[in-house]
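Following this message is one structure expressed as structure tokens.
Residue numbering begins at 1 within each chain, and the chains themselves are lettered A, B, C, D and E in the order written.
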Amino acid sequence: MTAVLEVGGLRVEAETAAADLLLVDGADLRVGNGEIVGIVGESGCGKSTLVRTLIGMLEGNVAVAAGEVRLGGDRVLAPGHDVTASVRGARVGTVFQDAARSLDPLFKIGYQLREVLARHRPGLTAAQAAEKSAAVLGRMGITEPDRVLGSYPHQLSGGLRQRVAIALAVITDPELVLADECTTALDVTTQAEVVALFRDLVRDTGVGLVFVTHDLLLASDLCDRIAVMYGGQIVEAGPTARVLESPRHPFTAGLLASVPSRHTEGPLVGIPGAAPRVTTAFQGCRFADRCAAASAACADDVGWTGADDEGVRCRHPLDGAPHPPTGQPPTTTDKEGH
Amino acid sequence: GDTATSGAGSAGGVLRVVLNSQPATLDPVVGARSDQYVWGTIVEPLIGTGDDLEPAKDGIITDWARENDTTWTFEVRPGVEFSNGEKADAAAVAGSILLNRDGEKAILKSYLGNVESVEARDADTVEVKTGTPQYNIPNLLTNIFLMPPKYYAEQGTAGFTAHPVGTGAFVWKEQQPGRSISVTANDAYWGAKTALPGVTFTWSPDAAQRLALLRSKAADVVFDLPPAQAKEAEDAGLDVQRVKSAMKIVGFLQSDKAPFDDPKVREAAALAVDRDAIVASIFEGQATADAGLLNVKPDEQPTASVKADPERAKSLLNGKVTIPLTYPAKKYTYIDEVAQAVGGQLEEAGFTVEYNPVDYGSLTTEVVTRKISGLYLFAGVPNVAAPDYFAHGFLTSDSITANCASPEFDELAAAALEKADPAAAQPLYDELNTKAVVDEHCYLPLYKQTFSYATSGVTGIEYNALNAVLFDRAEMR
Amino acid sequence: MTLTTPTEQPVRKAKTAPIGTARRRPGVHGRRGVVLVAAPLLLIALAVLILPATGLLPDPDRQDLAAALRPPVFAGGAWDHPLGTDKLGHDLLARLVHGGRLTLMIGLLGAVVAIVPGTLVGLLAGYRRGLTDTVLSRLIDAQLALPFILIALSVISNRGSSLGVLLMVLALTGWAPCARVVRASAMVLRERQFVPALRAAGASETRIVLRHLLPNLAGTVVALATLQVGTAVLVESALSFLGLGVVAPSISWGAILASGQSLITQAWWVAALPGVAITVVVLLVNLLGDALLSHYDPRKGGHR
Amino acid sequence: MIRFIAGKLGAVLVTLYLALTGAFLLGRLSGDPVTNILGPFATREQADALRATLGLDRPLIVQYLDYLASTAVGDLGDSLQFYQPNLGMIFDRLPFTFQLLGAGMVLAILAGVPLGVLAATREGGLWDRTASALAVLGQSVPVFWLGMMLVAVFAVRFGLLPAGQAGGWRNLVLPALTMAMYPMAHIARLTRSAMAEVLREPYIAAVRARGLTGWRVVFVHALRNASPPVLTVVALQTGMLLSGAVAVEYVYSWPGLGSLALQAIQFRDFPLVQAIVVVGAVSFVVINLIADLLYAVVDPRLR
Amino acid sequence: MKGDDFPITTAEEAPVVEVDGLTVRYRTGARTRHTAVDGVSLRVEGGEIVGVVGESGSGKTTLGMAVAGLGPRTAGEIRVLGRDLAALRPAELRRLRPEVQVIFQDPHGSLDPRQSVRSGLRELRGLQPERTSWVSDEELMAQVRLAPDLLGRLPHQLSGGQAQRVCIARALLLRPRLLVADEPTSGLDVSVQAEVLGLLLRLRETTGVSVLFVSHDLSVVRRICDRVYVMLHGRVVEEGPAARVLEDPVHDYTRRLVAAVPGRRLRAAHAAREPQNTGSPT
């Protein structure tokens, strides 16, 4: 399996009035052809920043400080050099969280599809473009492509809109698709349909898929491998089954324990506390102050142990036994906030 | 099209005139006299005005006689026609007078109240009968314009304004609404034909802009320049004409209300104000100090007058007296400064002054409805050079201000009017003026305005003290 | 997905700011921005209030006809009249300082009289909705449809020009735009869920409006009021210019400006300087208003 | 769509009715015209007689109903000072005001929109600061003063352009510039904030993520989405310009509605004041209605 | 007013809330109406946690607000502690109001952004002096597991989880008999969600409060609710004990809903490890 995407040592920093923040720190990621990699983590841990880095759409005050990104072997990003617009859309398709709002409300679906084709496949005739548009909608399981092509976004249901958004991302046959929380706003039934759609898409076309979500259960259903992010770092990665069944990072274990399930009948406890604000000067394990297993050693930076694709970033990794106890809260109250 | 703004020189020698405001109506029966700049080119007064501001026998009416105390006959110039072909005969003259007496909105109505009948005796003679003897009927007719009877009856004010017809040296050409009014030379004019092919009037309320138009050669004549602009025009090498006018600015000491119901207070105020100082400091020679109320002609002064004496004024006042000083803000040249100067002198003498600038409409309304008190500044713009104009305008009990009105004043004014001629009436007017201004201190005459206009390459414009302008003799170099 | 050359693809220099994604806002904003504009404004206000009392300036009403129309120092004048003199030889600096009092007072009062009714109407319309809203909104629209200047001119030409009438005009013409903005903000706020939460706790509608909505709108209202100060100053000067606002001998910037109008070709400074003063103050006031508005922007979750 | 238009029209009619009432009150507010018509030397009987013929002695409510009835059939009465039908005079002047308004508004849009777009796309940058500063400045300069200064500099000092009055295009330059300043500033500011907001919308990020670039994103997607608020402000400003026109027309002796209005008020010509306000209000409402309908053209969600 | 006009009834008495045939219609145009809740009947007993699930737009929020007496009601009857809301005089209604408190999805939106936690509580105490005297601010904070020093903070200085707990504390302060919780955790991370849910469960134990729990997350509902109502297009299509409805759904729609819940692989892994729990739905 060749690697579609290779991210190495990616470090993304943001300049703010108060301090320089470290949004993504030393992220390594590999996505193969036809592989689905899930990225999970709490809100604000840097998932979207990672995605935006991959398509060169970082905000004005955010910049890549180190690391590189290769797409199909071509280096597309290095410090000081953005991913270009010709990569974006052509080789990498992106689906964002809010499908309802990721379609321009003023243009018909047909126009928006044609526009993408005109940009990346300038050779196509109008007839070919129309055919391709209808075909891609068909592939998305849309039964009346012609009606949808002639509709404005607001005339479609949420599920249809999400399919159209995916269609827009894949109409140019990209090598890689990035999906950033693209099912969060959907009803469970629709969500299940969209997930199935992704599964079929990857199986049929062999694209690589990065599926960003905060829903562990969803990731577990869809993904081949999972990377867990915390405080801008990937703290654990590995095959889905391994990560979910025998988590090694206390954070992963805590997340799993938080998932409501009829099998965890004890008192529901999450992970008390909140993630720290990571400045560029931050030292040590990001999770230390919420972790029951933390020790003095955690004050130093923690390296990655294990293989590239499978490993953990923790000094006190759990032994891999199923359902390890999460770090019990050190106190009954917490004092986080800003 | 743009007639008014082509670069240098005017197209075909048409005289381009810039006024300070747009004439509201071109119907002389209802229109304000200040608009006669424009209609005066088309329609003519029944009687012309000489250089001495007295009626002249060179106009439509060529002669007149007083048959008895109350009967006048006027000889009408034969063979004159309106530009629409109507005959400008005695009947037309009689009709014009009646229009002014009877028209509902006729602006001169109140002056013609004593006229009992007007008849055309024959084609060339008009007979006017008055109720009581009145010597100034010819003076009044200098301000009544000859209107085409049939045309006016058909068109009414609106139609006439849209297209006036008269016997004048110019005939109506066109108007561009809100922008300009044009007249062309009347080839069939009964008198000396004008050398100008026509006149185009435009207007601009801002003096600096009027001057700018003249300097940029977008105009040939601009009227109504305040001293600053007049001086500037002179400095720029333009011809500036200064015309002493009969328009007088008078302070009224409202005598039927406190504080000026007290003659002593009136006297103090009258003594406090030094009109010479005001004129000298504010006007750069564009006004003349004026000591009387009934002296109409520009250089006339009354036989008796009040001299400023601030010391005596101070001694007359016991205790603080507060007087409201009302004036029509921005209405006349430097009126705001004048008000301040008057106020300053009054304060010097021990008064406390409350300034009350209002707009002109409010001022007239307050005056007419007798709501006003204290001192107010008001302008009198005579249309005829007869003292009665101000006597009946301000003094008598049926006048608008009726300040200090008393039966004695009414009798004096009436008696003066019944005299045989102006000379015989003059002593009575002198007496009236002395009583009102010097003895009673009801009025505070201030100054007479001088008007300035500037021209570039134009000669022969005639501008008289009564605010009438004649363009007939104008020539462009 | 051809693995041609594993070498460098042509890479493009990174743009520092891709289109419309930066988080910073331009201009003066935030607390620092507010201070930055408020400081010079305060300075002007203080100067205008205190300078006349110090006796450093000549009497603004003292005429000196011998020294009329002297240019300001920077245009060749002398230091005894740093900003020159007007037609009657008044010291222009003294008059500007003195006139500033009236101008700023009209600005402040003018804002208050417009903002108070505007806020109440807007609050009522935005909170009550339904028929109340429909009626009030129509009223606001109708008011906006009447050319403001004609309202001003009509009222003033009838009532004469006095401070009271001027304020009446400012109230009459200023409430509607304010009400519109407040209504919109109130409508956003009333959808916030603390409103039903308070209702559930037994709070009365009056309490919700006065104790919760109003304080939350305070920022917007203060900002609107600030902007209205600028408007009031401009209105005053425009009316004075047309001879219907503040007229001599009262001094305001608009009145000084008006008196300089006919002198513009002779003594430009008489009209130019008050114009500059007005522009500067209105500019500062507008900047302050903007800074306040952006600081209190409800979409940013209500900072203090 | 028809329902949409019908709904708008209903609201417009109510607004119009209220505005007409306002116009009536304004007319009455402008004071007693009688002394202005008759001049200062009229007697009181004359004044009373005139008041009766003008109908001013009738109860206010009767005057109001009469006014509503005649306005409804398009009769706006006759001017007291010009002795002509008001509507005719207004229509004579309208072309000039429209000329000024049109030129001013076109200038304002041509300068304001690009300025706003520039500022929004460079949000926080030097261009943004410059453009925003320009815009606030534009909103702070007294219009009439700007006019005076332009006349003083360009017409009087350098003699480059005419000082005023209507004529060829050169006469239009200064008044139009003066007129354009305030709306330009307003439009620039609004375009900026509307654009900045739209540029933060997820669909813009999505469009960019599809590889579309610069101008297409800005002008096809962002500007179009930002246009409704800009349209609103253009409409609102066009209406407000009528107020600006009074000062500008005065300064430049422009023969439009503004100078007519000023004359009318100075003379207490209440039928004319009333008529001008009616025409102004109707134009304002119509312009805003057009803007409302344009939204629907721009935004399919409103149809 | 006397705070004990409605003495706290015990669980054996009338249900805390009883809804009978509730219908709510919204005006959507001049003549069009949208029926958001259509003849729903519902009951919440003392100490019970009752779930309402359904897809977006099925009328869950509308129902919840109507129950809390805060939303519109077109037809049907809502009885709180045995009293018909529609029949109450305004003064009585105001006294009954505190018995039902609400918690919303967006915790920041449910707090006045200008009011510190403490002054918010003080205001509530002013509104309901008798009901609120039972606990001090600090004790209340401890009940929802918040440090007392958060009392001085403004809402925007709180994290989502903290803000939600403040909302719960405010509700608790009034000693309500029922909490209407409208998706109280959907904006929160799972780790925080678990904390909040744990808190709700504990409060039920300690104070006996009933909860009407509106949610679209079946796992959550299954985890904490005793009974559930499944809504579709404004109607209740299925109701019953949570375990039964979510593990053995009868209605077609409920089946689809349950089938769509993600986490099959994880569940399978659990099931493999805990053989006694083989009655899993799939």
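The rule is short, and it goes like this: contacts are C-beta pairs under 8 Å (C-beta built on N, C-alpha and C of every residue); 3 or more make two chains touch, one makes a residue touch a chain.
Chain-to-protein mapping (UniProt): A = Peptide/nickel transport system ATP-binding protein; C, D = Peptide/nickel transport system permease protein; E = ABC transporter family protein.
Keep in mind that what you see is a predicted model, and the values were worked out from it rather than measured.
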Partner chains that subunit D and subunit E have in common: A, C
Topological distance between subunit B and subunit D, in contact steps: 1
Dominant interface by contact count, named by its two chains: C-D
At what distance in angstrom does the C-alpha mean of subunit B lie from that of subunit A? 89
Whole-Å separation of chain centres (CA-atom averages), subunit C against subunit D: 20
Can you compute the centre-to-centre distance for subunit A and subunit D, using the mean CA position of each chain? Integer Å is fine. 52
I'd like to verify one number: the distance from the centre of subunit B to the centre of subunit C, where each centre is the average of its C-alpha atoms, in whole angstrom. 45
Enumerate the residues of subunit B that touch no fewer than two other chains. 206, 208, 212, 359, 361-362
Where does subunit D touch two or more other chains at once, residue-wise? 31, 123-124, 151-152, 156, 205, 208, 250, 266, 268
Subunit E touches at least 2 other chains through residues none
Going by the contact rule at the top, pick out the subunit A residues touching subunit D in the complex. 55, 57, 60, 85-90, 93-94, 96-98, 101-107, 115-116, 119-120, 152, 154, 165, 168-169, 172
List of subunit C residues in touch with subunit D within their complex: 17-22, 24-27, 138-139, 141-151, 153-155, 157-158, 230, 234, 237-238, 241-242, 257, 261, 264-265, 268, 271-272, 275, 278-280, 282-283, 286-287, 290
Show which residues of subunit D lie in contact with subunit C when the two form their complex. 11, 14-19, 21-23, 26-27, 29-31, 119-125, 128-129, 132-133, 136-137, 139-145, 148-149, 151-152, 156, 195-196, 199-200, 204-205, 208, 214, 217-218, 222, 236, 239-240, 242-244, 246-247, 250, 261-262, 265-266, 268, 273, 276-277, 280-281, 284-285
For the subunit C and subunit B complex, residues of the former touching the latter: 63, 65, 87-88, 156-158, 160-161, 243-244, 247-250, 258-259, 261-266
Touching residues on subunit D, where the partner in the complex is subunit B: 31-33, 35-44, 46-47, 49-50, 53, 78, 81-85, 89, 92-93, 96, 151-152, 155-156, 159, 162-168, 171, 250-253, 255-256, 259-260, 263, 266-268
